[in-house]
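Both complexes below contain chain A, partnered by chain B and then by chain C.
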Partner chain A sequence: MDFWNYFALRLIQALFVVLIVATTVFFVSRLAGNPESTLLSPEQRRPEEVERLRKNLGLDKPLIVQYGTFLGNLAQGDFGTSWRGGGQPALDEIGDRAASTLKLGAAGVVFALALALPLGIVAALRRGTAIDWLSRFVAVIGQATPSFWLGLMMIFFFAVQLGWFPTGGDEQGFRSLILPAIALGLFELVAIMRLTRSGMIEVMDTDFIRTARAKGLSERVIIGRHAVRHALLPVVTMLGLSLGRLIGGSVIIEMVFAWPGIGRLIIDSIFKNDFPMVQASIIVLAASIALVNLLVDVSYRLIDPRIRAGDA
Partner chain B sequence: MAGQPAAVQLGPGRGVRWRRWLGLSVPALIALALLVAGVGADWLAPHDPEFINLGARLQPPVFDGGSWDYALGTDQVGRDIFSRLLHGARISLIVVGIVVPGAALIGTLLGLISGWAGGLIGQLLMRLVDVQLAMPAILFAVLLAALVGASLRNVIIILLIWTWPSYARLVRADVLSLKQRDFVTASRATGAGPAWILRKHLFPNVVNSIVIIMTLEVALVILAEAALTFLGVGAPPGTASWGVMISEGRDFMSVAWWPIWLPGLALLTIALTGNLMGDWVRDALDPRLRNLR
Partner chain C sequence: MSKRNYWQRMRRSRMSRRSLLRASARAGVGASGLALVGCGDDDDDAQPSAAQAQEQQQQQQQAMQQEQVQQQQQQATQQEQAQQQAQQQAEAVEQQEQVAVAETPGESEEWSEPWPLDEVDLDATITVVVPSDAGGLDQMRTGSNANLYSHGAVFSAAMEWDPAEGAPIANLAAPEWIDPVTVRASVVPAQFHDGSILTAHDLVFSYERMAGQAAYHQGGETTDHPGGWTPGNVGRSSANWVRNEAVDDRTWSFELPAPDAGFFVVNLTGTGEVVIMSQADTEARGDLAMDTSPMGTGPFRFVSHEDDTDFVYERFEDHFLPADHPVVVPRYAHHKHQRVVVRPEIQSRLAGIEAGEIDVVPGLGPNNVEPYLDDPDFTVQFQPAVGQTVQVIYPNLYPETMPDGSPNPFLDFRVRQAANHAINRQALIDNLLLGQGHYSLFTFSGVYGYPTAEQRAEVEYNYDPELAKQLMAEAGYADGFEVPLYYTTDWGGAFMSDMALAVAQDLAAVGIRTQPEVALVSDYFSDAYVVGGPNRPVGLYWMWANVVRDIGSMWDCCVGPESFFTKLSGEGVIDPALHELYLAQRTELDSTRRQEMIAELMLEHARQAWFIFLVEAPDAVLTRADVNWPKGGRTGFMWGGNAYGIQRRKAT
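Moving on to the complex of A and B:
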């Protein structure tokens, strides 16, 4: 299979995934959606008013027709209109919220990398020392700590008691970002550190490192230029595929820290019965995750021609 | 017998063996304690976990100036925290007991079928995995809760949907390589049907991996259940569940540390135990999977 065929195939697969997600979300929200409780005040909820509203929203048509309209609109980039607020397109708000979530996710990954790489590398090079022991302790504890609980504890100590950081929200720029980024990044930190450590241990035992040593290269060049590069390949792979997990994790962190991201938008919208908003945001999320997974797969094939797309 | 050589040490040294033994027995004891706590909560709990006693609100634990009446203190409405922890352990046990074997069963079956059948069915199943990967389960959970209401049953359903793909992917990958092996070809050549091959040749070769994932998933499932409950998707408020206790203790965090610390520590300890036992099982069954996660 040549590259473009492969690309086309993966693209179709990704579109299929998004279609399934969109369909699921559509039917689930139609089953749960109840516009009159969101859009009409109790006094307005007379039968004829409700009838008119349902007609305006197109909810009086058969479900299958609604589904067709929904897909048609989606194909034209119309993701629907929020049932709350001044009737702006749902996509407008989603953009801002998604940017906020991306910022949090990026900060979490940066925090994880900044600690995990040095710890993992040093732990591998100094096996059995205090640093190695520390890294394993961090790994074991970090993997077992519930992130929402860690978030609450940090709010209590560093925000309420010490007053170093705000208790939530994103009004204070960088200072608002630190606690949620740590709570979100801890799990990634552990994963990256373990991968780095085992990758480094493996690579230090290979022939090309022995060759580099035999050539008389300094330890610095051997580790910095040869070993680390090799050991980081799996880390890059994992980061590429961790987006879904990060988004899932950020939902709960956003709730704990009142962070105005897309996860919180979806949860708020669910509780407020704003189903067009729920549909639009979940579809946008699923599409972005599918897109990133697609790019990761495709870029492997570009980087490493040995990978054949047989049965991935 | 003369001339017998001095004891040659074959296995690992004493220190290593000692540490291995400790590494298994401590988590095993904690797991046993959890089991006893969950099963025997009705007999062990000194108080009714849902009995509200406003006269005894926020009593500190006995080691922080409290009394033995409430050994681990009480929460904001005077419920005994020790009793609530015991009953919370039961909820965690129920969830793990259904979700882990259930997801293993679904994932293994689908992985076996899609790996063996390949072609269209295999592709379809893998797209199902993709769908699951692209849709953050936690959001789907909240959506489902809005639809049918928050309950323990829904959390269990969600966690099943959430966790089966890890089994399916591993089993499928194993089956894809196993079915090229000579012993499978030989079996086919002698006229064995697919059901026979699946049962006699493929399943025994993947069962180790399945057991390893199952043990590693225990902690994940317990943490996920607490997180979902914290979000309001799981057991309803007031229930003696660790997630509920943390979310209710949150509002009194600055007045009293114990209502939120104790269930959090319980969660951490159990998750830690699950991970340690999972690592142990993995090393015992298949050290090649060291980098599984």
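Moving on to the complex of A and C:
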């Protein structure tokens, strides 16, 4: 299969996934409750007011008609308008929040990569030494620590006790980003570090590394040019998949650090039965993850000649 | 702080309220009688603007008196009664305070009263933290009407509710009751934030808009708001009038179809308050602008709002009431900048105040503030239940039978009595509420006419599990029965789960075995749970009271015949005489008699054990030590509607 056919097939698969997600979220969100139960207080929930609200929200039409309208609008890129105050189109609101979440996610990934790669490589090259032991200890601790607890502990220690960082919000730019990025990125750090270490250990025992050594290449060149590149292939795959984890994890982190991102928006919208916002958020997330997976698949095919050869 | 100091603070809070009552009584002499509960005039010497308006009003009244001699005579009698009543109440409040002083010798009122202006940093920035952001800022729009701090900062109401007198008092308009259904109000010379002058047309417009009747957007049908516009506060009676018109630019006339003592209570307090908007500005800028950059006559101008992050306000320097005006109504703010930040996680809110980023954390449970009681850097104030912290349980009385065909046990008075005797309220108070709180009735304790402690004592079910078992046996349930216990942990504070568990254990001890059914609050008040009353199985449904000061709000939503909780007339199971009493108090013009009727209604409801009464828990507000939030205004407590009163002490 040539590249473009492969790409088209994967794209269709991705679109199908998004359609399934959109349909599911449409119906499931309506099973979750009625918006009048959150938009109107109990004492305001008189029949005529409920009726007026349902009409204004388009909920007075049959469900199948609502679904058809939803799909039609979706095809035109219209995700509807949030029912909560402010009146922003759902997609605009998501755009603002997604930028905030991506900033946090990117900072988390940078933090994770910046520590995980050198630690993983060094741990692999110094197997059995104190640094290897330490890195594995950190890995266990990091994976066993709930991110919300870690976030709270960091707030109390670094923000309240030491006063180095703000306790929440995003008003102080880079300073505001550090604690949530660390709390978010720690789990990824640990996973990447373990993957890098095991990948490096495996690669360092392979024939081509022995050949490189036999050719008299320096250890630095062998590790830097040959071993690391090879060991990082699964890390690249994992980074793509970690997007979903980062966004999922950001829901908790954004709540703890009062970070105005898409995770908070989703939680808030679910609690308020804001159907357009829930639908738009989930669909955008699903589309993002599908897109990243598509890009990972494609890039993997471009990076690894064996996959191309296998296709042939 | 020691335990002793903690109790001293509680005493100060009580004294504060008494002082507030006195101030309110002084400020509202005459105006107190303006309510439907007894008419009078406003000779409030503490409100110069209102007094000026009153002069105009008296002139108009003289003209009317020539045409309506009989009404004048009736009014004069009512005024005299109201003045006497107000004087008596002022004297009573004075006496209360003297008693309070005697109870707490040596205690100062510095915390609970506003600090003297020369000690206050009027240029301060105050940062308050809230858990959520409703998104929009239009107080009248469904979906946006929950941002109380914004509404309290930007807007004011035509009148405000005086919690001491249970009556409306002058604010943007000085009301005069012409007869039991007609109010005529003189509009004070206040300015909107854009410099335009408030007129009676703005009042008419605002009430129409609140009721979904404003012409410029056909009640919301032709709104420019992309999210639609549905009126958010069409409560029990906000649209219930036969006349709402501007006699001239300075005179507003309003007529009800029938005497309704609760009308202005609902429309002047709590989230249902009708705020006054500029007709010209609203019609020119449209609904979306109202939702994103509101403009009113309130103590603060709107500056900015970043969704789920913060709201920023700056003091309105041309506010029509001076800084030394009593805090009972919005006046010149005592801090220059107000920032309301949004933090959903409670530990993050507390970390913010500990780190000095935040000055005030409202809406906390006793368990949250316990660590701060001894800390000199912070001050804790308790107040009655301004959150949903009045805890009662409704036993579903709609179904005649259980799922297995046996009779609904809660239709038997003895079972309801047993359930009430089963609850160890003191243990709940001691172990979950830091010793604070008291026996609950079906409204919060700030409701006008709420029974006194002595009256309540008469109907309170003491903790007596043996008696409860005996009653269960007499009702034929010696072996007990099983029912679901429905509740949500989203309301009622962080101790909700613990309280539900404790109550379930108490009930199980006398044979009422419950299976917990926990729901999100968004689901809880839907057809799937409490609103679906007639279709719901027999079970126990946890309920909380709102903070509207009129009994009608809770009666209509949750107790009376049209409510989602109980059926009370027709083939209903609750004594119809209760509803007749409720209707009668609505038209009772004598305030003393009305209070008696409301108290009797609540006491009789308790006597018949229609609910399982639990506890009314306190609501705690945590502030930094150099910050003072005097209680007052609107509800009489500390809440979003009166954050304009927050002060910061000048640095020394």
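Basically, the second predicted complex is superposed on the first by the 287 of 312 C-alpha atoms of A that agree within 3 Å, B and C clash if a C-alpha of one lies under 4 Å from a C-alpha of the other, contacts with A are read in each partner's own complex, and residues count from 1 in each chain.
Keep in mind that, in the parts below, a contact is a pair of C-beta atoms (placed from the backbone, for glycine too) under 8 Å apart; a residue touches a chain by one contact, two chains touch by 3 or more.
Keep in mind it's a predicted model, so treat the numbers as computed, not measured.
Q: So in the superposed three-chain picture, is A:Val28 touching just chain B, just chain C, both, or none of them (first/second/both/neither)?
A: first
Q: Please work out whether A:Leu152 is in contact with chain B alone, chain C alone, both, or neither, and reply first, second, both or neither.
A: both
Q: Counting only touches as set out at the top, which of chain B and chain C does A:Ile253 meet: first, second, both, neither?
A: neither
Q: So in the superposed three-chain picture, is A:Asn56 touching just chain B, just chain C, both, or none of them (first/second/both/neither)?
A: In the superposition, A:Asn56 touches chain C alone.
Q: Regarding the shared-chain residue A:Val278, is it in contact with chain B (first), chain C (second), both, or neither?
A: The answer is first: A:Val278 touches chain B but not chain C.
Q: Could you tell me if A:Ala191 is touching chain B, chain C, both of them or neither one (first, second, both, neither)?
A: Touch status of A:Ala191: first partner only.
Q: By the touch definition at the top of the document, which applies to A:Leu119: first (chain B), second (chain C), both, or neither?
A: In the superposition, A:Leu119 contacts neither chain B nor chain C.
Q: Using the touch definition from the top, say if A:Val160 reaches chain B (first), chain C (second), both or neither.
A: both
Q: On the A-aligned overlay, A:Gln13 touches which partner chain: chain B = first, chain C = second, or both, or neither?
A: first
Q: Hey, what residues of chain A end up touching chain B and chain C alike?
A: Common interface on chain A, chain B vs chain C: 32, 152, 155-156, 160, 255, 267, 271, 273.
Q: Could you please specify the touching residues of chain B with respect to chain A in the complex?
A: 118, 122, 127, 130-131, 133-140, 142-144, 146-147, 176, 219, 223, 226-227, 230-231, 246, 250, 253-254, 260-261, 264, 267-269, 271-272, 274-276, 290-291, 293
Q: For a test of understanding, state which residues of chain A touch chain B in their complex under the given definition.
A: Touch residues, chain A against chain B: 13-14, 16-18, 20-21, 24-25, 28-29, 31-32, 140-141, 143-149, 152-153, 155-156, 160-161, 191, 194-195, 198, 234, 244, 247-248, 251-252, 255, 263, 266-267, 270-271, 273, 278, 282, 285-286, 289-290, 293, 311.
Q: In their shared complex, at which residues does chain A touch chain C?
A: 32-34, 37-46, 49, 52-53, 56-57, 81-89, 93, 96, 152, 155-156, 159-160, 163, 166-171, 255-258, 260, 264-265, 267-268, 271-273
Q: For chain C, which residues count as touching chain A in their complex?
A: 132, 134-138, 141-144, 147, 212, 220, 225-236, 271-272, 288, 291-292, 306-310, 341-345, 347-348, 351-352, 354-355, 357, 520-528, 530-531, 546, 548, 553-554, 556-558, 564
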